[in-house]
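Following this message is one structure expressed as structure tokens.
Chain IDs A, B, C and D follow the sequence of writing; residue 1 opens each chain.
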């Protein structure tokens, strides 16, 4: 069916609202993650027995916790750990997954078989189990849970990269490069990768949200960040005994978490719209 | 089709076999001395050695693996080290409890998620679609454990409508039982429901813009029938695959939710086993989880096959 | 004037979106009388599909129609949506372009055909299914019962299209809309479908609105032709007038001049320069003015449709004045006149020789190749990998500066063979000698050097250029890679290449998405030329382009061949295009060559029965070139997974002799030097067949 | 949709609420926090197991909630002059749940098992004192001890020392609990519940009053609190101290709090740097404010103390101050060669909220004297193998012990069972005090010695006992005849519903 094209010459479309909002809020959260310690009205670990479990007030916006610490300040501090864990984990899965996916997609044959069967096995472990297993083997710490979460998402990155790679490899300009006798690495990095990025970037944005949530879940189970430092997941976990008396201790970091995740989701959808409007992959 | 399913079955067997090696290997390198855990702080070195000998911990790892795998093939899961009792009955109780949670959740996710997705797809761009989209957007961003916290604060703390524990046995009456199940199930399904609904919406929208839906409209098929007969079945195919993957996510959720709601299921048993370094129990739990996940994928495959004639009727036939 | 089934009056459709409005149809009017066929012709973007959707009342959400669509005297837009729906499928039905996506993949074909019967006629399901089988029989399906129970993916493209036609016929509609119904099909299948439609039309006294970009197809079926350009009717009249010498509008002239013709090869084509106007802008005067070689001052005025003959209108104030002036391309296409006089002289030294090239593709392997079969006894699991013989011992040689056309239906292995020649695909057997040196066994270093001499031009302009690179980057890469130039010299070379493909140097800084399809294809050609190759595989290089653009690219390729003395392997499914450009033609079927020879020998008997069928299937518009006898092939091409015993064409050959064709490999029969036919039928008998085409005036 | 869901949910909730309540309640649902791993008390190590020990079994002697020792399976006992030979007269006519009559042979078998290596009971340190056991007749048991031990009879309340029948195999003992106690074991679903039922042949006539006891395993504090509020459970064992506040105004629920000798402290490994230097340990001691710790860790529901001897004990040394001395601490650190402090990791067990909170509070307090401490929470699976006795600084805590000797000697004597595993503290001064106190029967002398003991503890700082914490159970008001036991177990013999 030949419906008329919207315009014969391409025009610059306005940025999608989701991108603007997502990027805005996420930038704000990032800013907090970086500048949190300077913005926080109190030290994150400054205890005050007289002020324990105070409801939110003008002084303590989000109230105080069971140690009398300022929840608002702790949420600001927590941003850093939660975001770092989310981004760190995603970077790990990106750093491992993308090269493997490219290799599997481009070289086919036994490297592909080896990588993809490994991925099949990894992917048949439910995500949190792998995290639990890895963390059960080692002493918990932030970077280890980031590593665990990162490893969990490697198979997804490999599969995505491989499928995008295969898709791009079907394009004729790749064949043209082969017809010139270009070397494999040139084709991979100069012809395929630049065109494979958009879906990978979009997926990366979504993975960050999943990594933040999974990281928080692992912290929640006590397998991540250690007190008194606190990411949002651990803050909620520690606040559980008090949710009837002082719900704000749990709710404040939870809402921060939710807002961050929503922002990154918006950002991802916005990116999807401008980078890869045809792509209909949903998150796995 | 039969051949296809046989392939899938074989594939699952291979995956489970590979996973069993992996699980065994990882649990073997776990720190913490098993004999020490059993005997406690007051055990002497000679006792520890003796127990290790008895447990076969000094055998080469492949011998230990083979012993374990053989047992597994005979449905013998061994004894819990910490509780000193056979694992099988403990595990089956837990699986049963988790299955109730998981099945009611995945059922709810499938039904409500798909319904919401279809609803917003056919009301694309209207108020209903916007509301559903917004709700799923927010819901998707809330991790299970925070759902638990929110639900407990709201329904247990303020409203007092539901009990906070996730479990009573069925013997105490169906309604009591169902009532106890509500909060854990809700906490489990919210995120997945949003996920499924968004996915269904997008695949439904795609299908609604497909040529064959246009062709159906051109035949004068009423819109309701277009949706039910022509669009839905094809739109559900990607949803089924995702539902299978969501079973994996659900298992993660179950660990958290069972912990928070003190629900005696597989997830809590696993956490307990890990906390106690009960290696045979960890192994048994993980292998069960792997099998369940693999079977969920197999079921999805079967369903997919059922709905997708491309697989059901193999390659093309020239007539 | 007899009763009008459909009378469209002043229909305007605009698409709203992104805060802008763009016209798809601009105040168009046409009518279809009972039992008549209106052909609507136009290039992409002309609005022809929108017209179909508007008539059905199925315009997409953002579209705003105005004007009247009178069906049997009643405006369908005055009806309620429910009434419109009741009309669709019962009184107006449609067959879409793409049979592959128009059938619901998860519903049995029979049920899809029966659906309108149940809906509109209230038939019982069982009776409806029975009726569906009857309809399938009527549209020429040999095994209707089995086909009715099949799912769409089990049917070939031609069968799908027949099924869709059966669906459209189900309720015995008054009007059938056919929106490019054969475009996605192979030429032999297209011929089958057109035959079917012709027969149905007569049998059922159907009225049709037949939409196509292909003038030949339109010519076969239509009584009247309506030419659309950028949403406007530019010419409308009886077929014989509009597609014959009586056409009046410059655009129609351009379209006809752009068309390569089987009977009139070697003539230069005269393309239409420029591109479609921006439909979101209002154009005060003639919409074709910008591309019209006859444009003058008066064309700035709005152009009404003018009567230029009996039932014949044209939207050009100079229609009558220009009646006998032939179309000629403007020099915007660059130096056309200068080259057109130069006669091409093939026959240099041997450049490329391919011997016994074999390529098999593994289609099923690994776990899916495990077959479960308990019926045969023994161990029920068997490993049965399946491989497709895409190219089966093909031998071909090409001389310097020569153009060899490679023609065949889709799936015959022509593209694979082309790629094997430049080792884009690694063949399993045979050798490919480039100036006597085997490409296939060359060391990696030597291979790269050989690649400089052998290049490829691709089909799809949208996919052949890396969207992340500018034209300069795209062209500079091979220049640097092959050490043709360095430093600032590279930029100069890029400009040279652009000039060679008639693009201004401004294009160097553009990205692919900033160019039209034709421009992109030119860049693709420039890239292939960058390494100064002596041999280029043109893989369906013009198939994705509109007629007018196709003509200009064909011209360009011919010019470049003459300028640079390169040899082409020109792969196409379109015999008209091939015969226009090729010195020799090679006809492929199921992975092997069935006939090979100089172009003029291929087009006249003696020829291979398959060549005969191909020629017979091509729809022509040329006056008097009507095929004498139509040879039709049943079924469609199937890839062979097993060694073919006997003749490749035995499965569909209308002139099959019998057992010998199934058991003995046919001999190569030669009618003249360089002409070979692989057939068991003696040459004398082959020569005795009546020519499909009118005998050509022999040229020197 | 949402509305519909709410309606459905509501109706379920209402119907659930409208379900007929129990007519005359005679079964009780109590919560415990974790899976009991061993149902045989000899192997018990955690509070949940001790509960089962008390409900299903009997010892020779028992202790009442107001800390009085009374006969249990022993009717009476006596010792010789120097407390080396102890003779117990057993109760007659007591039957085990499987019908066997309880006799002296069972006592001897029980003690033999506890002393055996295979069982590796925590109470082995007690049975190690036994030189000889004899049964002059079926209802008399005579212990001959290796050294004088004045508190032997009191020691018999120890959790592990529960009488098991002599005719059972080890495996049966582990999986099929058979005791003489007020309740019989019915079933155990790990992760879910332990079910016990009334022992109709219990030797105390008219007891127990309840027909059935279900111990629901509920690790999550918020959940069990909510469960009590919702009426799903009747009794919450070991109510988290932070939850006391919220029950203050709750009608129908009694929160019963008892001071105990259960203590939390932290281990400073005396054998490795930096804590092999006594000045560093002293500095740590001076840096902390135990009264604040009580507030932070147990929400004030406890009392600062110097040693395992709680402030409620008559021997508690009231003369020692709890005032921190930051300047003094800094001075000591400087002397010890750490003028700028040092870095150290405080290991805390994950899932023990009081100890986690103390660790966090400690970390802050140590900051004041320049010690840069990091808190690391370790899951219990790695605690024994990697932390306990192996790292320099970690949180710890112990249940109340039957006697002062058993409360102090194992931790502070250089030969003490816990000390040699954890603290590695060696002090002749301390050893002398504890050795002397163990053999002493005279209360005045004992008081003097234990007062001195406490002084040495805060001077030499083997490790730090921070506070003794209160123990709380919360239960429905209609549960009568029950009171919180300071030894942290549930004595449900007389419990009943109104």
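Just so it is clear, a contact is a pair of C-beta atoms (placed from the backbone, for glycine too) under 8 Å apart; a residue touches a chain by one contact, two chains touch by 3 or more.
Each chain and its UniProt protein: A = Peptide ABC transporter permease; B = ABC transporter; C = ABC transporter domain-containing protein.
Just so it is clear, the model here is predicted, and its values are computed rather than measured.
Shared contact partners of subunit A and subunit C comprise B. By number of C-beta pairs in contact, B-D leads over the other of A-D and B-D. Most remote chain with respect to subunit D, judged by CA-atom centres, is C. Here the spacing of subunit C and subunit D, counted between their Cα centres, is 88 Å. Between the Cα centres of subunit A and subunit D there is a gap of 45 Å.
Each chain gets one centre point, the mean of its Cα atoms, and the points for subunit B and subunit D are 39 Å apart.
Each chain gets a centre from the mean of its Cα atoms; for subunit A and subunit B, those two points are 22 Å apart. Contact with two or more other chains is made by residues 31, 152, 157, 259-260, 274 of subunit B. Within subunit D, the positions touching two or more other chains are listed as 220, 222, 225-226, 351, 379, 381-382, 386. Counting partner chains per residue, subunit A shows two or more touched chains at residues 136, 240, 243-244. By the document's touch criterion, interfaces exist between A-B, A-C, A-D, B-C, B-D.
Remark: subunit A residues 45-47, 49, 66-67, 136, 139-140, 222-223, 226-228, 240-245 touch subunit D in the complex. The part of subunit D that touches subunit A in the complex is made up of residues 220-222, 225-226, 240, 242-243, 245-246, 292, 295-296, 299, 350-351, 353, 356-357, 359-361, 363-364, 374-379, 381-382, 386.
For subunit A in complex with subunit C, the touching residues are 1-10, 13, 170-173, 175-176, 178-182, 191, 194-195.
Of all residues in subunit B, those touching subunit D in their complex are 31-33, 36-37, 39-44, 46-47, 80, 82-85, 90, 93-94, 97, 112, 116, 152, 156-157, 160-165, 167-168, 173, 175-176, 178-179, 182, 259-262, 264-265, 268-269, 272, 274-277. The touching residues of subunit C, counted against subunit B in their complex, run 56, 58, 85-90, 93-94, 96, 98, 101-107, 115-116, 119-120, 141-143, 146-147, 150-151, 153-156, 159, 164, 167, 367-368, 370-372, 381, 635-636, 638.
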